[in-house]
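Next come two complexes, and both contain chain A; in the first it sits with chain B, in the second with chain C.
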Partner chain A sequence: MKITGLRKTLFSRATLRAVIALSVFLVLWEIGSQSKQWLGFTVPWIGQVPAPTAVLKAWVELLSDPGYWQSWYMSTLRVLAGFFAAMLIGIPLGLFMAVNRTFNGLAFPSFEILRPIPPLAWVPASIIFWPTQELSIAFVTFLGAFFTVVINVLGGAKSIDVRFFQSAQSMGSSQWDVFRRVVLPATLPSIVVGSAVGMGITWEVVVAAEMISGGGGGGGSGGGLGFFIWNSYVGGSYEQIVVGMISIGIAGFACSELLRTLGGYFTPWLKKR
Partner chain B sequence: MTTDISHGLSATSASVSSKVNAGEITVSNVSKSYGAGLFTKEVIKDCSFTIECNKLTVMIGPSGCGKSTLIRLLAGFEKPTTGDIKLGGKPITGPGRDRLVVFQESALFPWMTTYENIMYGPRARGEDTQENRDQADYLLEKVGLTAFRKKYPPQLSGGMQRRAELARAMINNPEVMILDEPFRGLDCMSKELMWEYYAGLYEESRRTNFFVTTDIDEAIFLADRLLIMSNVPGQVRATIEVDLPRPRRLAFVFDSERANAVKMEALSLLHEEAMKSFTGGSKAAADFVEAYSRRSSKAEAG
Partner chain C sequence: MDQLVTLLKRAMPFQMVPDDTLKAIAGLAKYESHAQGDVIYHIGDYADDIYIVSSGSVQHTLGIGTQATHLDKTMRSGDVFGWAAVLENQRSRLAKTVCLERTELIRINGEDLINLFKASPALGDVVMSRFATMINKEFTLPEAVAAQVPHFTQAQATMATMATGLTLTMFRVSQWLKSPKPYLMLIGFSILLGIWYFTVEVWKLPRFEDMPGLTVVVKELFSKDPTYGLSLYTPEYYQHVWVSLRRIGIAFFLATILGVPLGLFLGWSKTFREYVFPVFETLRPIPILAWVPLAILMFSGSETPVIYLTFLASFFATALNTMLGVETIDESYSRAASCLGASKWQTFREVIVPGAMPFIFTGLQISIGVAWFSLVAGEMVSGQFGLGYVINTSYTMVRYPTIVIGMVTLGAVGYTTSAMVRMAGDYMMQWRVRELALGGR
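This part shows the complex of A and B:
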C-alpha cells in the first residue's frame, strides 16, 4: 500500500509539472549565463550569475568540505534553538492571553508595540545585551518566530465558536476540562499554521543575523550558511554564493515540510474528506 | 373530538400542576430586552408557560420571535430582565447538566470522532465507565452511526451530524432536553428521517423535551403539546394538545385526519398572529399572510 502511494506521488501530474517547470527554469538560466560565450551578447542581470553547471560543480566540490557542513549544522542549530524557544514561550503566552482577559489587557499593548519591530532591528541591541554572539543570534532568531506564533495562537483561540463552550459547559465540563479538550484542540490548527510560518521566518532571520554579526565565534568555519554566503561574496566565489542560497532554500523547505507532516499528524480531523 | 385546543395563555396549566415535578420547567412573566435607553429592544415580553414533565413540548412561531433568546434563558446562558424560570421548583441560575441544549446547526467538536463526541459528557464528569461505553454503543446503533463511530464530523453528512448530536446529548440523561431548531437547513427528505429517529429516541426515554421550530409539519409530527408564539415581543399565545397516537411514523401520521385538523388549527392561529403584526406594520409577517391567503383561496376553489 505504501509503495503504491509513493509511486502515485512520484508519477502524478503535479510531480510531472514540477519537474518540467524546474527543468525549463534551469535550461533558461544556463542559456542566459552562457550566452556571452555562444552568441556574443550578454543577457542583462542573468549574464552575471554563474551558470547552473558551474554552481553544480562548485557544490559537488563543497560536499566533501567539512566547513560547508559545519555551516549547515550551525544555522540549523540556531534555527531550532530560536524556534523551539519561541514555541515554548509563545504557545502558552498566546493561550493565556486568549483565556484571561486581565492578562490580555496587561500584555497586549506592549506586545503590539514590539511586534512590528523587524527582528533585524534587534540585532545591534541584542549584540550589546547578550553576553555571547551565539546567544544574540539565537535571540534574534527567536524573535522572528515568537511574534508570529503568539499572534496565531491568540487569534485561533479567540475565534473558537461560542457554542463549543456552551455545549461543553452544559455537559458538565469543568474549566480545566474545557481548556484541555476544547480550547487546546480547537487552537491546534492555528498553532500548526503559526509554527510553519514562524519556521520560515527563523530561516530568513538567522541568515541575515549571521551576515551582520559576522557569524558567531568560530570565524569562517563556525559561521553558518548566512556567513558562508557573505564570506563567498567577500572572497569572490560567486558559485558558492548561489550554492549557499539554494542550501538555505532546501533547508527552509525541509523544515516546513517536516512541520506540515507533523501538524497533519496532530490534526487528523482536517484531512481531506 | 379529543383534540383540546385552548386559546388562553398556558399559564393556567401552571396552576393546575402546583405540585412540583422534577424536570418541569415553569416560565413566569419573563421579559428579556437588549440594549439600553432609547435603543432598548424588547424581544420577549411577559411570557409565561409550562414545559410539562415527560412530555415533548414543541414551540412554533415566526422566525425572529424570540425563540432562540428563550432557549438561551432556559439553558442559563443568559438571565431574564424580569420574571423567573424554575426547573423542578428551583430557579435557574446558570448552565447545568440537568438541561442539555442541542443547537441549530452542528456544534459537534470537529476534533473528536463520533464516538469521542458522544463520550464527551461522561468523560468530562470522570464517568468513563463500561456502562457508559455500552450506552454510547447502543446510542450509536440507535441513530444508525455504528459504522461511522471513528469518523470525524466533517466526514459525516449533515443528517448524520444532527443524529450524532442527539446521541451526544441523550447519553447524559438530562432531566430536560432543549432543542433549538436542530434539523434546520437539512433537505426535506433527511428532515423527515430525522423526525423518525428523534421520535423513536423520545418515545423510548420519555424525558422532558422542549423543541423549538418554525416548521409546522415538524411540530405536529413530534409534539405532545404545541405552544404557539406571537411575533416580537414574544409571548405564548395558545397551547394545542396534540394527541396523535405514538409511536409516530411518517407512514401514517400525515394521512390521519386528526393531524390535518391540528395543522389547520395551528395555521389559523399563526395566521391570526401574523395578521396582527402585519397590520402593526411588520414586513416580516407579509410572506406568511400572503401564503396563507393563497392557500385558503386554493382550498375554496378546489
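This part shows the complex of A and C:
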C-alpha cells in the first residue's frame, strides 16, 4: 500500500514536470555560463556565473576536504547556539508578556522600537561588546531568531478565545492548570511556526555575520559556511561560491523541515484537518 | 454645574460631546431625589424627560411586549434611562422604574435636548447614534426601536461622519491617556535607556564600558559640529538615508511588479505552478546574503549588486505570499463566477486578485522588512553610501557613536516604510478593515 503511494508520487505528472523544469533550468544555466566558448558572446549576468558542471566537479572535490565539513560544523554550531538561546529566552518572555498585562505594557513598546533594527546592523556593536568573535556571531544569530519567536508566541497567546479561560476558571482550574492546559497547547502551533521561521532567519544571519566579521578564529578552516563563501570569492575560486550557497540552502532547508516535522509531532491535533 | 458636567460626561450618549455643549445640556437639567420604593414612571406613561442616575440605584423593568432579550436592568450612577423621551413616534414609556434605595437623579426634557442639537446637527447625530447603540446593546432591545432616534442631517451626512471620525480619534486618545499603557510605556523606555546609561557610563561595567554611551550618542546626534562627522545637522546624514531609501524603493518596486503577478499565476494555474514552482523552491532556501559574492560577480559596479540582493529578498517573500493568498480562496467563488458566465480572465480579475489581496499586503509587509534586512547586509559587504555602509565604516574607523546613530536611523526609517505599506494596504482593502473591526479585532 505504502509502496504504491510512493510510486504514485514518484511517477506523477507533477514530479515529471518538476524534473523537466529543473533540467531546463540547469541546461539554460549551463549554456548561459559557457556562452563565451559555445556561442562566442557572453550572456549578460549569467555569463559570469560558474557553470553547473564546474560546480558539481568542485563539489565532488570538496566532499573529501575536511575544511569544507569543518565549515558546516562551525555554522551549524553557531546557528544552534543562537537559536536555542532565542527559544530559551523568547518563549517564556512572549508567554509572560501575553499573560501579564503590566509587564506587557512595560516591555512591549521597548521591544517594538528595537525590532525594526535589522539584526545585521548589530554586528559591529556586538563585535565591540562580546569578548570573542564566536560569541558576537552567536549573539547576532540569537537576535535574528529572538524577535520572530517572541512576536509569534505573543500573537498566538493573544488570539486565544477568552471563553476558554473563563470556562477553565469556572470549573476550578488553578493558574498553573490554565497555563498548562489552555495557554500552552493554544500557543504551541505558533511556537512551532515561529521557530521554523526563526530557524530560517538564523541561517540567513549566520552567513552574513560570518562574512562581515571575517569568520572568527581567523584562517580558512575555522570560519563556517559564510566565511567559506567569502573566502572563495576573495580567492577567486568562483565555483566554490556556488557550492557554498547550495550547502547553506540545504542546511537551512533541512533544519526548518526538521523543526516542522518535530512541531507536527507535538501538535498532532492540527494534522486531522 | 461642574458636577453636572462630569456626570454627563460619564453618561454613555454624551461621552464625546465637547465641554461647552455639555454646559448647555447641563443648563436643561433638573435635580431631584427619591426615596426607596418610589416609582418614577409606569409603562405607558407619557415620556417627557430622560433621566441620568447621579447616586443610588434604580430597577428598570421593560414591558414584555418590547421584545428585549433581558427585561431587568439595574441603573447605577452614570446610567441613562427614560430614553423614550428622545425617540420619534414613541412617546410613551416602555418600562417601569422603581428606586431601590435613596436615589438622586437629574432629568432633562427630551424635546429641549433635541432642539439644542438642531443648532449643531453633526454632534446631535453622534449623540443620537450613541443613544441608539445603548438602546440596542445595553437594553437589548431590537434595532427597530433603536432606529427611532431622530436624525438631524441628511444633506450633511459626510460632515457628520467626519466629525465622528475626529471625535472618535480624540476619544480614543483620551481613553488611551486614562489607561496605564502610556505610563508603563514611558517607564519601560526609561528602564531600557537607564540600563544603557548606567551600565556604560556610570558603573562602567567590564565590556560595557567599550560601548558608546547614551549621552555621547545623543550629544553626537544633536550636535551642530559632530566629533565624528555625522549628525542630524550634517548633509551627509541625509545623503546616506536618501541612498538607502532609493535602493529600497527601486528594489521594492521591481519585486512588487514582478512578484505579485508571478505569485498570482503560480496560485491560479496548476500547470504553470508544476513547472515553475520547483525551480522557485530550489532557489528560495539559499539565504539572500549567500548571494553577495555572486551578485558582485554578476553585476558590475557597486550599486546594482546591492539593489539586486534587496530585490531578491523582497521578490521571494512577495511571490510566495501572493501564491498562498490565491490558494486560500474558497474554490466555490471561482465556480460560482464560472456558473454565472464569467470568462477565465474575468474570474481572475474579479475573484482571484481581490481574494488574494490581504495576503499580498501581508507579503508586501514582510517583503519591505526583509528588503531592509538584506539592504543592510549588502551595504555592509559591498557598496558605498547608505546606512549599512555608515555602520560598517564607523566600526572600522572606530567612530563608535556613529554606529548607534546608524542603527537608530535604520530602525526609524525601516519602521516608517513598513507603516506606509500597512497604511496603503488598509486604504486599498477598506472592506477588510471594516470586517475585522466588526469582528471586534
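Criterion: the second predicted complex is superposed on the first by the 253 of 273 C-alpha atoms of A that agree within 3 Å, B and C clash if a C-alpha of one lies under 4 Å from a C-alpha of the other, contacts with A are read in each partner's own complex, and residues count from 1 in each chain.
Simple rule for what comes next: a residue touches a chain if its C-beta (ideal position, glycine included) is under 8 Å from a C-beta of that chain, and two chains touch if they have at least 3 such contacts.
The structure presented is a predicted model; accordingly, all values stated were derived computationally and were not measured.
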After aligning the two structures on chain A, examine chain B and chain C and state clash or fit. clash
Looking at A:Val182 after the superposition, I want to know if it touches chain B, chain C, both of them or none. Which is it: first, second, both, neither? first
Can A:Gln37 be said to touch chain B (first), chain C (second), both, or neither? neither
The answer to whether chain B or chain C touches more of chain A is C
If we overlay the two complexes on their shared chain A, which of chain B and chain C does A:Gly244 touch? Say first, second, both or neither. second
I'd like to know which partner A:Ser64 touches here: chain B for first, chain C for second, both or neither. neither
Contacts of A:Pro131 with chain B and chain C, given as first, second, both or neither: second
After lining up the shared chain so the two structures overlap, which partner does A:Met171 touch, if you call chain B first and chain C second: first, second, both or neither? first
With the two structures laid over each other on chain A, which partner does A:Thr261 touch: chain B (first), chain C (second), both, or neither? neither
Clashing with chain B: of 57-65, 165-173, 201-209 or 219-227, the chain C stretch 57-65
Quick check on the complex: what are the chain B residues that touch chain A? 75, 77, 95-97, 99-101, 103, 107, 109-112, 120-121, 123-125, 152-155, 168, 172
Mind pulling up the chain C residues that touch chain A in the complex? 180-181, 184-185, 187-189, 191-192, 207-208, 210-211, 271, 274-279, 282, 285-294, 296-299, 372-373, 375-377, 380-381, 387-388, 391-392, 394-395, 400, 403-404, 406-408, 410-412, 414-415, 418
If we count contacts the way the header does, which residues on chain A are in touch with chain C in the complex? 13-14, 17-18, 20-22, 25, 45-46, 48-49, 102, 105-110, 113-114, 116-125, 127-131, 200, 203-204, 207-208, 211-212, 225-226, 229-230, 232-233, 238, 241-242, 244-246, 248-250, 252-253, 256
Chain A residues touching chain B in their complex are 161, 163-164, 166-174, 177, 181-182, 185-186, 188, 267-269, 273
